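Before anything else, here is the set of structures, which you'll find just below.
After this come two complexes, each holding chain A, first together with chain B and then together with chain C.
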Partner chain A sequence: MLRSIFIYGLINSIILALTAVGFSLTYGISRVANFAYGALYVLAGFAAWVLLHRLALNYYLALFLAVVFVALVGAALYRFALIRVRGMPISEIIVTFALGTALVELLRFFGLFGSAYGLPPLRRATLQLLGVPVDFQRVALVVIGAVLILALWLFTHYTKIGLAFRAIAQDEQAAMMVGIDPDHMATLSLALGSALAAVAAVVVLPLGYIAAESGSNILVFAIAVCILGGLESPAGVIVASLLIGYAQILSVAYFGPHYQMIVALLAILVTLVFRPSGLFGKQKELEERV
Partner chain B sequence: MAKRRERIDRPIRVLTEDIYALESLSRMIYVAAPSVFPVLFLLLLPLFTPSLYMQRVLILTAVYALLALSWDFIAVATGLVSLGQALFFGVGAYLAAILNLHFGLPPMVTLLVSTFAGAAIATALVAPCLPLRGVYFAMTTLVYPLLLARTIEATAVLGGTDGLVGIASFPNVWVERYLVLAFVLGATFALRRLLRTDFGLVMRSISDNDQAVRASAINITVYKLVAIYLASALGCFAGAYFTHLYMFVGLSAFSLDLSILPIACAVVGGMGTLVGPVIGAFVLVPLAEMVRDLGTLRVVFYSLLLVALVLFKPEGLMSFLERKYRQIERWVQV
Partner chain C sequence: MQTKSVGVVSWLVAVLIFGVASSSGFAAQAPRKGQPIVIGAPLSTQYLYGWDAQRGMLLAAEEINAKGGVDVAGVRRPLKLEVLDTRDLEPGVPLSEALLVVEKLILEKKADVLMGGPVRSEAAMAAMDLIAKYRKVSMLTTGALTPAYHRRIAENYSKYKYLFRITSEAGQLAKEAIDLFESIRQANGFDRIFIMVQDVAHARAIAGLVGKGLEQKGWAVLGSEVYPTGALDYSTGLLKARDQKAQILFVWMDHPETAILVKQWFDLKIPVLPVAGISSAVEQPGAWASTGGAVAYWLACPANAGNAPSNATPLTMKFYKAYTDRWLVEPEGYGASTSYTGVYVLTDAIKRAGSLDAERVVAALEKTDMVGVYGRVRFDPKSHQIIPSYDPKEGAVSTWFQWQDRKRVVVFPTAIATGKIQVPPWLAPSK
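Then we have the complex of A and B:
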């Protein structure tokens, strides 16, 4: 029991980190809280499903194209919509939230629910870890998640675009002075954030099936992790995922499946009330609370 | 020959600004018309909507108008964006159901109690998040209705996923029809009046610059609490009313629809005007009802409409109408 809680808690934590990292990245760089995040996640799953089952593409090619497609959608979201309301939080929230809702409801209208819509796992196999049976997809997911987070860290610290991202996040005016275009960076950050949502989708969705409803769940989980860890803080995402991940698995093991969501929601509320910058947030206190 | 469009005040508007308004009947009408005609229209509307379906649409519209008004009031008075009007609605709805089922109170009493006590409960829930701003406040309000709905689902209290049934309905249809309309009108005018008082001035300045207000030695938390209390009273009334209307309350009282559509109404009508959201509701809700056959596609429809309006026409219907009423446009040579 304990060993399986340990292993599944870890897997759950990595899933949370994967789903949250894109949201955190976009907010950290461009200050756009992308409430369409969950919808983009569902869209990625649906795109991958269409490419795989309708167009019968190669498995890896389909997943790759789905990720690229969602990244383009994210970029378009900024280029054609958010750019007009930049810097007005009310409008930004309304636009992303409404677009996300529209996307999810559109997919639901086309009948996107039920077990008919599933992505196949990388390989159908079951491994034994510490005597606990774990299927191959979950192990692969932990590896992919760890590699991805490491790659992101390297990207933001050692590449030119990554450094420009951090520059914009720290001081937009100063970054503009050295020739970094904030709109260009914001477009890229939304594209990258959406791509990360898509990666999470194509890796995590084979564990269950694609459902339009999961959009809002994913959004809540991503927000929970980002808030608890501190928006824009990469280390915070990892620690918060571990905390919420284990808390969820424990509550599911001892109380019931419904509590998974309640844990996430409570994490958001408690963090925001007592420490709105989160565990590792570097926000200025005045910006977020009076 | 370059020309440009010029806007100037209508002569009658200038003439009606002070005591000269009383000089002729047409001037008096000009002053009174914007408030008198909509009120008359609303009060007569139930008499001219014979079918039960139309009555229900009208009531639904009024309920959404209340929620939109409540959303707009929070935005005007505190500068906060709420994504969870469903919280207020749900609290009022469940409270009315409990009071009616367990304590056997008649609908009129439960309405009153759930409006005031429900607002107190909702305000107490939101109070810890009041220091938050912008995105952070929006996130907490998004979380509350979800949290309450999931808790009810998980613990199976208050009827769980089945909801509570067998709640008493209103004594007669006229009470049912006019109660909510009267409340919408009363609330709209009362809140507008409130914003014009000194108390309202402080509220409006909090939404402009809360730090400046604090620097003037004013406790902004008190003002925000009052604003949230008033706004949640409207939401709670809407919820309690709906419970008695349908004699049922369920998890749908916390649904996302109740949070988004009011925002859409406020945007259509014009944010920050208080009357705008009500007008917006009267435009948007019947429209949304007409396309109900489309199922979930109607959510797509009004979400996209909302986005388009926020992006391209953020001023809203109310400011447009106000401009047309007060000013004339003409082409002049540059």
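Then we have the complex of A and C:
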């Protein structure tokens, strides 16, 4: 039992990290809480399905193009809608929430309902890890998640755009003084955040099937992880994913599966009461100090 | 002159008599065309149990209209379907939405009768008073499995007599599940079961009923786990079932994430026979393709016959083919055959009543005795619940099928079975 808790807890944590990292990155850079995140996740899955089954593209090419497409949609979301309400958090939330809802309804209008939309796994096989059976897709998901998080760290620390992201996140006005265009960076952050949602979708959705209503669940989990870890903190996302991921698996094993959703919601509640900035967040702390 | 006048009058009288006679004769052959009968359908249209009902109803209405409509006291009246989305299957949508939809159908759309939902039991129960207040004849054809619905009608007949349910209900389905498991025990010697259900009222109720019923019959019920809607991982429950040497996994979930459970069961080769009750991810014809065949060996119950291919009655495959031709997909879930049959049952009652008056239609519905897609249709006179049976000649039969080689093969009840239950090769039969 302990071995299966360890392995499936890790898998659960990586799924949570994958689904939350894009939300956190966008917020960290542009301060936009992208409530269309869940809809973009579903859009990526549906786009991959269309490319794979309707246009009969190569599996990896279809997944790649779906990620690129959703990144462009994310960029367009900023350029055509969010730019007008930039700096007004409530309006940003309303705009992203409304566009996300519209997007999901549009997908339904084009036929995304029912169980006919499934993405195949990378490989159908079962591995034994520490004597615990695990399907190949979940193992691949852990590897992809770890590589992606490492790549993101390298990107934000060693590339020009990544450093510009961090500069904007730390002090937007100072960044503008050295010639960094905040709107350009915000567009890129929306694109990158959406691309990360798309990567999560094409890796996680083969575990089940593509359903329009999955988007809201993903958004809830992403928000829970980000609030616990600190909305703008990548390290916080990883730690919070591990905490919620393992807490969920432990609650399933010892208390009952129906407590696993409560664990995520409880994490939001407790964090907001005792540490509103999250475990690694600084925003609220700084505001309070000022 | 006088003779000429008499001749003209005679001609006029003759023409008049001929005209009256011929017009009344014409009327006898083809009644006058009247206003449409408006069927208001409150359905959660974005979910399987909403859109399959809508498709079933529309198919029946098109068939009836193609034959000239419904004869109501000599007037041919076409059917008009008004569907509004109750959203009651969507998470987080308050029940008041469904109630507003029901009221809008009655007041704005001028529905003569109601049919379909609300789909979620909680919403259907909440709508009972509203429907009774407006004295609209209503027929539940999808969702709303709670036995409390027909119990409430029986307890307060004078108030709720306008409400009928033409589909199965949780108590009956639990009984059938127990009988199905007993037949599996007889054939394979299995008597160890693990239960996994979704955290919704009807699923928890069924888990309780089935677990208790099986324990009384000497089964080992090894666990009964309740999963929240939207759960993304089922490994812990599956590994528990494996470690406790369960032989049957009983699942009752209607959220799309059940597909994750199906795939995990297949990938981990958990040695249990999976039996899902009403479960959209397993029921639908697209399940084989969307799970890449992982749904093989899964049993499911799309409630009444006709939603999977069988020869329950001469009308079963006729409906099955008509639905497939019309919608380019086989009947999908448990709202299809009941909603289709419901339209025929209701229009038959209206025809016999010769009126749309609620009291007369209710009286006619109570006398209904006809063969439908899933057997003989009769309502209990007090509770207005359709009378179930394992024999389609006696009552409404359910259907339990198993996914075998890309096909949904009906395996229970025996009277309508077209195949036998197969056990996954990684599960050894006990005998």
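FYI, the second predicted complex is superposed on the first by the 274 of 290 C-alpha atoms of A that agree within 3 Å, B and C clash if a C-alpha of one lies under 4 Å from a C-alpha of the other, contacts with A are read in each partner's own complex, and residues count from 1 in each chain.
Note that contacts are C-beta pairs under 8 Å (C-beta built on N, C-alpha and C of every residue); 3 or more make two chains touch, one makes a residue touch a chain.
Keep in mind that what you see is a predicted model, and the values were worked out from it rather than measured.
Applying the stated contact rule after C-alpha superposition, one finds that A:227 touches chain B and leaves chain C untouched. Shared-chain residue A:108: touches chain B and chain C both.
Legend: residue contacts after superposition of the two complexes on their common chain; A:266 is shown touching chain B, with no touch to chain C. By the touch criterion stated above, A:158 is placed in contact with neither chain B nor chain C. When the two complexes are overlaid on their common chain A, residue A:209 makes contact with chain C while staying clear of chain B.
In the superposition on chain A, contact is made by A:94 with chain B only, not with chain C. The interface of chain A with chain B overlaps its interface with chain C at residues 108, 216, 220, 256, 258, 261-262. Chain C contributes residues 46-48, 51, 90-92, 196, 199, 225-233, 235-237, 239, 243, 256-257, 259-260, 263-264, 267-269, 280-281, 284, 286-287, 289-292, 332 to its touches with chain A in the complex. Residues 33, 81, 84-85, 89-91, 93-95, 97-99, 101-102, 105-106, 108-109, 216, 220, 223, 227, 255-256, 258-259, 261-262, 265-266, 268-269, 272-273, 276, 286-290 of chain A are the ones touching chain B in the complex.
Those residues of chain A whose C-beta lies close enough to touch chain C in the complex are 1, 4-5, 8, 11-12, 15, 108, 113-118, 120-121, 124, 126, 132-137, 204, 207-209, 211-214, 216-217, 220, 248-249, 252-253, 256-258, 260-262.
Across the complex, chain B meets chain A through its residues 75, 81, 83, 128-129, 131-136, 138-140, 142-144, 146-147, 150-151, 153-154, 210-211, 214, 220, 256, 260, 263-264, 267, 271, 294-297, 299-300, 303-304, 306-307, 310-312, 314.
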